[in-house]
Amino acid sequence: MADLKVTVAGVEFQNPLIAASGTFGFGREFAEFYPLRTLGGISCKGITLKERPGNPPPRIAETPGGMLNAVGLQNPGVDHFIENDLPWLKEQGTAVIANIAGNTPEEYCEMAEKLSGTAVDMIEMNISCPNVKQGGVQFGTSCAGVEGITKAVRKHCKKPLMVKLSPNVSDISEIAAAAESAGADAISMINTLTGMRIDIQTRRPIIRNNTGGLSGPALFPVAVRMVNQAYRRVKIPIVGMGGISKWQDAVEMLLAGASALQIGTVFFSDPYAPVKILDGLNDYLDRSRISTVSDLTGQVQLW
Amino acid sequence: MADLKVTVAGVEFQNPLIAASGTFGFGREFAEFYPLRTLGGISCKGITLKERPGNPPPRIAETPGGMLNAVGLQNPGVDHFIENDLPWLKEQGTAVIANIAGNTPEEYCEMAEKLSGTAVDMIEMNISCPNVKQGGVQFGTSCAGVEGITKAVRKHCKKPLMVKLSPNVSDISEIAAAAESAGADAISMINTLTGMRIDIQTRRPIIRNNTGGLSGPALFPVAVRMVNQAYRRVKIPIVGMGGISKWQDAVEMLLAGASALQIGTVFFSDPYAPVKILDGLNDYLDRSRISTVSDLTGQVQLW
Amino acid sequence: MKYDVMLCRIAEKKQLSHDVFDLTVEAGPLAEAARPGQFAQIYVPGKTLRRPISICGIDRSSKTLRFVFQVRGEGTAWLAETKAGDFLNILAPLGTGYELGDTCRKAVFVGGGIGVPPLLEAAKPFGENATAVLGFRDKASIILKEDFEKNGNRVWVATDDGSCGHHGFMTDLLEDLDFDVLYACGPAPMLKAVCKLAAERKVPCQISLEERMACGIGACLGCACRLKKDGREYYGHVCKDGPVFNAENVVWEG
Amino acid sequence: MKYDVMLCRIAEKKQLSHDVFDLTVEAGPLAEAARPGQFAQIYVPGKTLRRPISICGIDRSSKTLRFVFQVRGEGTAWLAETKAGDFLNILAPLGTGYELGDTCRKAVFVGGGIGVPPLLEAAKPFGENATAVLGFRDKASIILKEDFEKNGNRVWVATDDGSCGHHGFMTDLLEDLDFDVLYACGPAPMLKAVCKLAAERKVPCQISLEERMACGIGACLGCACRLKKDGREYYGHVCKDGPVFNAENVVWEG
């Protein structure tokens, strides 16, 4: 048995597999399949200061090797989360990451403050949600935007702060550097890439929001590239995600530069994916006589 | 039989399916399968002012629903093209698009001038090749870059000028608008999105160039979104591409805003793809009682 | 266990019409847990998302589940190619099914096209107290008529082209019927009309909805549907709160 | 026709070792056009790229092609699951094969592991003038030995672990042999050693190379390999200029 523990920004994860925000709810539905401590951590559904109704349906469209979603951050609000979901989650024996989104810097700051007084292990700042009209992604696609909001939230945040980056940018390494210099303790990447599907019968976009975020295996090579670009640019740890669906992908993403991983879309085809990925990863480490998984991080040797 | 003819920037294509640059060489290899006049047009392998050796191998990696390539613009140079490939191509009864790439604006201008004196039907300016060290993509990822090079080449180009856009940008509609205002007669989009795959055995990127360009169905929803964004922003026609692999995709891309289409990666799994896509498109038009294919362009009705 | 993933052997496969197929799978504990109106998420190789298909029949003794589906796209086309003996990767039973209540009430089950299958198992305990009002495009598209009859239900059929039974809307048939409770599944315009009628007659009515799904268990919030409760509107989720809803809680668009 | 796409029925399937399989397919005109050392691009459902597999046998009378392949990843794993009677979507014959020339010359065919199959058809016309020197990991991995013997070729075997034949490198065996021409296919280090020997002995040598491919026909320029001609180095393409090259034209890296 290799050592699967990883530490990201001071937070210990018993293994590097974290459920990606928005794909796992607050965990209750998946607890039917296996104890949630199977996972290294859970990044909760994105929460906002006030309750949000979310976007009208349809919110989902399948694409080759992936899917689009435009859930639009439906959530019960941060207070409800703290009162009703967090206590239960904290009992499950896995690290809990609160994923937050806001319309204004003030909202982000207020949430960070509220969550700083709770038992969450880490705050993941989603400045990359492409599916809401206001806020979210517009902070995440320019260096100035990322720097401004990260600096502001950093002041109010007593927990390790992870900034989640959008792939809808020309130069991800600049954005990563901006997050680092503004005081982020870690980076998570990538969020979804904006896409569209059209129903050729009705001539309407399949998703009511017109566009949605692309996730799943289709995205994987873009995620690997971006994680590696960021890894070569910043010193803070990177939580890598985007289309991981098998243990080989996990190894690849770690080699590219990730210290831990998130998986999302793969839950939809196989709720048991984390169990299989962890088994495969463990066997691989044993076979390769690698004693701790963190020895893989960033070990790709570029040509 | 619906009317499949389309006209883009004054150039007539007997049907909207054009072979995408770099996937079809100069056509000779595919002429073994069917007469090249089956296609509406052929965009030749990207050519440069001088012969280029291309990148060292491996140049190809498969990805979920797609592939990466980093051929690095291996080509015999523009003079060789004009002398040896163009005359044969012009005899095939299909429109011929010369796809050009350069290291400097001067090189682009010189090529445009040379080609203006030939029988090519159109010039496609590739300012979006992610696989060469110098030139190419750096012109294509900023508005100023796109505007500068398009203006310069426009002056030297007596042929319809189509600018090929890179998807590796934050806001494609800005880029499209820059190309239009600088005098482009048409836009083609999208080129490949940069990605990376790592061989977990050797811990080396599979592609010797480290990164490569993602093409194929995985890319399709991103291409549809970008074509639609550009369509809503500019008046000049758009040639849409990126992962089209069946007739339904062709319809979807036309609805999103494309006036004509290019197909590339699908040739690798099925060299006969254009025949099948055209059959399906024709049946669809007949079934839907649409008399000319160009009636589909931009007909998506956003929510 | 509320739901789980299982590899289920196909025990039997039949073709019911030119594009409708009928699969019975050995589902062990999933069959034991299943209730009428619930659904399954069936894995299709190479696809990112599972396909939601209603449970059409539950046999507790043989521990089998029955699915009746129409070929609509690549996923259902793949399903139609499977054979007895093949294995399907199934996540089930999912969602909230029909609340049957007192089966001595006079119940009418209104199904349109591929909306018919989910009603079959719900109608069973009602026996002769139930009338199944089934609508199809044409005679060749009629499915499951004999199955409702085997339930002991009365069956009325309507076809769009009049090639069998009543020529026209199923809802025409409802006008002449007397009932205490309505159960419905089918295309949105039909459901709307049924809900309207139920409201007029002041009888309880349960309808089954569809929406594009990802997780199927209520975690991703993908399958939203507009609901109302105590005068407040909100987005519920078809996979967890439904697919069966009380008609009065559903908000129709437009 | 130089090459074409065809749906080919699998006439026969065998397993040669724990991970090596042997498929014979009915290939009609593709079989008639094929020459030793050429290859096919086999379509694998759901994959963006076809899989290049060498032609191991050509039977002009039955119009069949034979492929022998090792399971390496998802594509070859899928191929290994196919059965006689299934159809494969094949693009063939592709590339430039072995130039056999005068088959009265003393020829040696050097194959390492899964590099052995492409040599079989080339060795056939040489009959007893040919010696096949075949290297494998161990005894259990030996394939096609009897097939070379059926050609009338002499066969020498080497294994890495000494469990059969010579213990060590195939190239050791070459030292003791006398020959006019060399044909080789296998891992790069082996090919390099063979090329070196051929240069020393000044005998012509043809080797078969591998590279990742997209189109397989010379259009995409994906499968580059470093070549030299008249002192000038350039990138040629394995799928069109090769997969078989004259040893003296190949530039080895490093």
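We call the chains A, B, C and D, going by the order they appear; numbering starts again at 1 in every chain.
Keep in mind that, in the parts below, a residue touches a chain if its C-beta (ideal position, glycine included) is under 8 Å from a C-beta of that chain, and two chains touch if they have at least 3 such contacts.
Bear in mind that the values here come from a model prediction, so they are computed numbers and not experimental data.
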{"item": "Chains in simultaneous contact with subunit C and subunit D", "value": "none"}
{"item": "Chain pair that, of all pairs, has the most C-beta pairs in contact", "value": "A-B"}
{"item": "Whole-Å gap separating subunit A and subunit C, where each centre is the average of the chain's CA atoms", "value": "36"}
{"item": "Computed distance of Cα centres, subunit C from subunit B, in Å", "value": "46"}
{"item": "Residues within subunit B bordering two or more other chains", "value": "61, 63, 65-66, 216-217"}
{"item": "Touching two or more other chains - residues of subunit D", "value": "none"}
{"item": "Complex contact set, residues of subunit A against subunit B", "value": "61, 63-66, 68, 141-142, 168-171, 193-198, 200, 203-205, 208-211, 214, 216-222, 224-225, 228, 243, 245, 248, 251-252, 255-256, 284, 299-303"}
{"item": "Of all residues in subunit B, those that touch subunit D in their complex", "value": "22-25, 29-30, 32-33, 45, 53-63, 65-67, 69, 71, 74, 206, 216-217, 265, 267-272"}
{"item": "For the subunit D and subunit B complex, residues of the former touching the latter", "value": "1-5, 43, 47-50, 91, 211-226, 234-235, 240, 253"}
